[in-house]
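One chain, subunit A, appears in both complexes that follow, with subunit B as partner in the first and subunit C in the second.
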Partner chain A sequence: MNQFKLLKRLVVIYFKKALQQEIAFRFDFFVKILFTLLELAGSVGGILIIFSKVETINGWHFHETLVVTGMFLLIQNLKNLFIGPSLNGISGLDGELWTGRFDFTLLKPVPTQFYISIQKWSPLVIIDLVISMAVIAYALIQISTTVTIINIVAFIISIFISLTLLYSIMLALTSAAFWYLGTPLLWIFDSVIQMGRYPVKIYPTTFKFILTWVIPVGFMITIPAESLIGKVNLFEISGGILLAVFCYLISLMFFRRSIQKYSSASS
Partner chain B sequence: MNSEIIVENLEKIYRVPVRDSGLIASLKSLFKPIYSDTVAVSKISFQIGKGEVVGFIGPNGAGKTTTLKMLSGLLHPTSGRVEVAGFTPFERKVEYLKKISMIMGNKTQLSWDITVLDSLYVIKEIYQVSDEDFKQRLDELVGLLEIEELLPKMARNLSLGERAKCEITAALLYQPQILFLDEPTLGMDVSVQLKLRNFFKEYNQKYNTTIIITSHYMADIESLCSRVILINKGNLVYDGALEELASQISPFKIIKIAAAEDSNPDNYAKILNCIDGERSIINQRENNYSIRVHKKDIAKFTASLIESIPLVDLTVVDAPIEAVIDQIYREGVKQCI
Partner chain C sequence: MHLRGGIALIKKSMFSYMASRGFFWTLTFGWMMLPLIYMFVWIVAAGEGAISGFTKQDFITYYVFLIFINQLTYPTSHWTVGDQINAGTFSVWLLRPLPPIYEAISTDIAVKVVCLPFVFLFLIVVSLFFKFKLTIDATLVWLFILSLIMAQVLRFMVAYTLAIFALFVEKIHALLRTNDTLIFLLAGQVIPTVLLPDLIKGVSNFLPYRYMLGFPIELILGKLNSNQIITGLALQCIWIVVVILINRVIWKKGIKSYTAVGG
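And now, the complex of A and B:
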């Protein structure tokens, strides 16, 4: 069996396993729906209040901003589907590093990085994914710009950039746990991504620059949204690709170094 | 003998941060951490053949687990050579990882929230065990370990002993060539311990699996291992048969006597007076005494005992292995041999 097939099967079995776990807690389902609705109300309500007073913010209309909100929810939920739960299982107080279960992870005859990235799923998040896509679709219809093929292509590329950046940052923060077993650093990520709730383009130039290139929440959320609306330019897309590749390579190196550190010092 | 495991001058040094007690010292170490080197394993060498069952023994912190982790590839050695089944463990090659299995008595690899059988299916997929093999091995292990009724339960609802059996099933599903057992019977009751011991014995005979076991229960080691490797403070101090270790190290035997009915308060002193060599009364209950005596003094001592105290019973036994090991741990093996 070749590598790709094995990886695919791993994804399938861990997704199934998660489904079995969730079925065991039926009540969770209702709590989850309630939580989703609350979060949606909070996000949309927030911008509704602002736009009840003003027509535009730095050139952004309500429905354009709503696309960004939908994108914020979409990216957040893509993270919550498996990357978040999986990597959270490594660091933190009952994480594998703390309990020593990481030993078993290292003993498994599968690529470690892949394994730790897909081992836990939250299948119920699929509901949130659908809702966030519905929000985006609704907003796009209201804007009534035609979504062209170019927009779609740009969107797919920018989602790719977004997820690569997201994964790289989370992998790097998880790797940091190998050096420091304190507060789970992944929490930092949750705060950082909150900054992408609104289009980064509404901020003053310096902030805009920082939020795009240094803490790349702009690339993670605003730019995929812009590419759907047709506001994106080639410079940003190609810059994003370079940034994503760069970040991924750095975090990959850091991760490998961290595994080495584990195997030279754990007890 | 074909060596499956080759260890040469294996060494592991940990760098651990140290600091004085107190808040100020803690703050200081924040900016300028001080490290000290701890030698966990110090240049040990040994070879283990295919199908051998070898016990690693030694006090807590002796370096047993560290050695085991270097053999399984979880730890990089600081220096020296390890070769297991033709592989260098820490490279963690897929083919190597499929050949080995590790059971750690204090850790679990089963998932808590799904049934045991589902956990086993996950392992089947990871190790790419064919459906046929899976069914056959599962049947066999389920039969040997008597866990049929545990399969549909969630791991979180199992008792320690039950979980251990399922853990073993998980570890053996892919039929590893080499099995590392790190205190597999930790905290189990006597009958579970006995069962596991018999299981491993049978399994080893059937599949010729090489087994390395660490345990603090000497009964585990006594019944399973034809050979023990004794590690103390990172050094290999003994490599050979367990009985030989006992006779080499413990020049003592235990004499058990029962004095005649009258409980005589003088007995105690009388017994001690029977000999001037090294001896001590290690246990007394009513008229029964256990006395530890040097082997060379046994004859003289029994003779004079019989003369001075009316006895109803007298037996001479080897020092229990626990006592021998305890002596080694406390006094170090060098002084003993």
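And now, the complex of A and C:
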């Protein structure tokens, strides 16, 4: 229990520190808003253009696809809030592995894995989170399905699955950086998750299978969106829980193995 | 002549980039992903029919070309030029007996050469997988090469011109990102520009973005009539001249207000 309190306090401290840093540059705030609007224009503009040509893509209407796009933005932004920046600070360009500062991280009297996952925050991403939720809400109102309790429960579970998978994959890629120093492996994740911009259910069976079970962008984005619309089934949810637990354990083992490989760096 | 120095600079950048291939290949993978996704989506959307004259096969050909040409024309240097100016390392470029634009050009060529093997490998896999077919009109090839070179020059010059805005203002990433979003929507990445909704199509026909990417591809696929080809090539020329003129003006004003930062 003491351990837990310590961790909670660390999260608060690091969040506050990041917030103070960001508030210091007021102009950055407006640039950030502009970037948010650009990202939104790109994503929503992209599907608007497609649906100006076709009514449905394999049974998916505009507003249903918009829920998926909103979910894509939501998951991306949840990642950008702290998991992304923190892990990037370890394995990215000029990250701790590269400079050798990871020595100090290992020496800190807190669980290493936890520390490297929460050490950097981007508080302004909260704006993006609100906007992506607004996109989802707007699309849901347009579809005018009643969101039942069951949908919400399914949604919460699938968001958990989604974030666990996301974290596991990013942790595994960070661990891989111990072996392949100097390659920004997390960028691969950013590229591959783009596959989730559209519902994976529109693709032919083979791709659908690969994108759900092998590269699980389906579980990360499409299935949380579907659970809100009420299209999800029990099989997928329970399969997702198993997959998430499996991936987390694998990446945890890999991370522990990789830390032992670390041999510092110096100039 | 600056040419000899320029070539030396290109060689230097190329060898130093070759050493970190892994880095550039990861980068390239990201650039190729988005067009690939749009290819998937359009293949599914077209199904067995056609969307305004574009069949499934047309979309495959279009996007295979797009991935390749996007890679050829994408200017990487505009990000680095802006950063160099902000960091003050730009002063080193100014001291060289070469115009700084050579530095940008050499970075660009070097990145492209380093990424090329990976791009080809990727495209071969995609083409085999999707049964890429192509019938080309021989006369169009020369026009295609011409428009491709102009597209390359135009896209580079626009990016470079935006990048040297950093001489006046500190935050130019906003400008560069706006540029990238407009390219994404209007240059033919989301959809071939000939298929855009009428109103946006009218706008995109006059903006430079289509002529950086989509136009050469539409040309080689034979989707344009001779009238459209001539207008397109003319607009490409006009935009190149306009951008170069703007570039000169900004450069002259900017270089006077440049004060190096850093230690």
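We take it that the second predicted complex is superposed on the first by the 261 of 267 C-alpha atoms of A that agree within 3 Å, B and C clash if a C-alpha of one lies under 4 Å from a C-alpha of the other, contacts with A are read in each partner's own complex, and residues count from 1 in each chain.
Keep in mind that, in the parts below, a residue touches a chain if its C-beta (ideal position, glycine included) is under 8 Å from a C-beta of that chain, and two chains touch if they have at least 3 such contacts.
Computed from a prediction, not measured in an experiment: that's the story for all the values here.
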item	value
Partner contacting more residues of subunit A (subunit B vs subunit C)	C
Contacts of A:G59 with subunit B and subunit C, given as first, second, both or neither	neither
Which superposed partner A:P184 touches (first subunit B, second subunit C, both, neither)	second
Which superposed partner A:Q260 touches (first subunit B, second subunit C, both, neither)	first
First (subunit B), second (subunit C), both or neither touched by A:R101	first
Contact set on subunit A toward subunit B in their complex	1, 6, 9-10, 13-14, 17, 20-21, 24, 99-101, 103-104, 106-110, 260, 263-267
Subunit C to subunit A touching residues, read off their complex	20, 22-23, 26-27, 29-30, 33-34, 37-38, 40-42, 44-45, 51-52, 171, 173-174, 177-178, 181, 184-185, 190-191, 195-197, 200
In the complex, subunit A residues that touch subunit C	27-28, 31, 34-35, 38, 41-42, 45-46, 49-50, 52-54, 57-58, 180, 182-185, 187-188, 190-192, 194-195, 197-198, 202-204, 207
Contact set on subunit B toward subunit A in their complex	14-15, 40, 65-66, 69, 72-76, 90, 92, 94-95, 97-98, 100-102, 104, 106-109, 111, 113-114, 118, 121-122, 125-128, 154
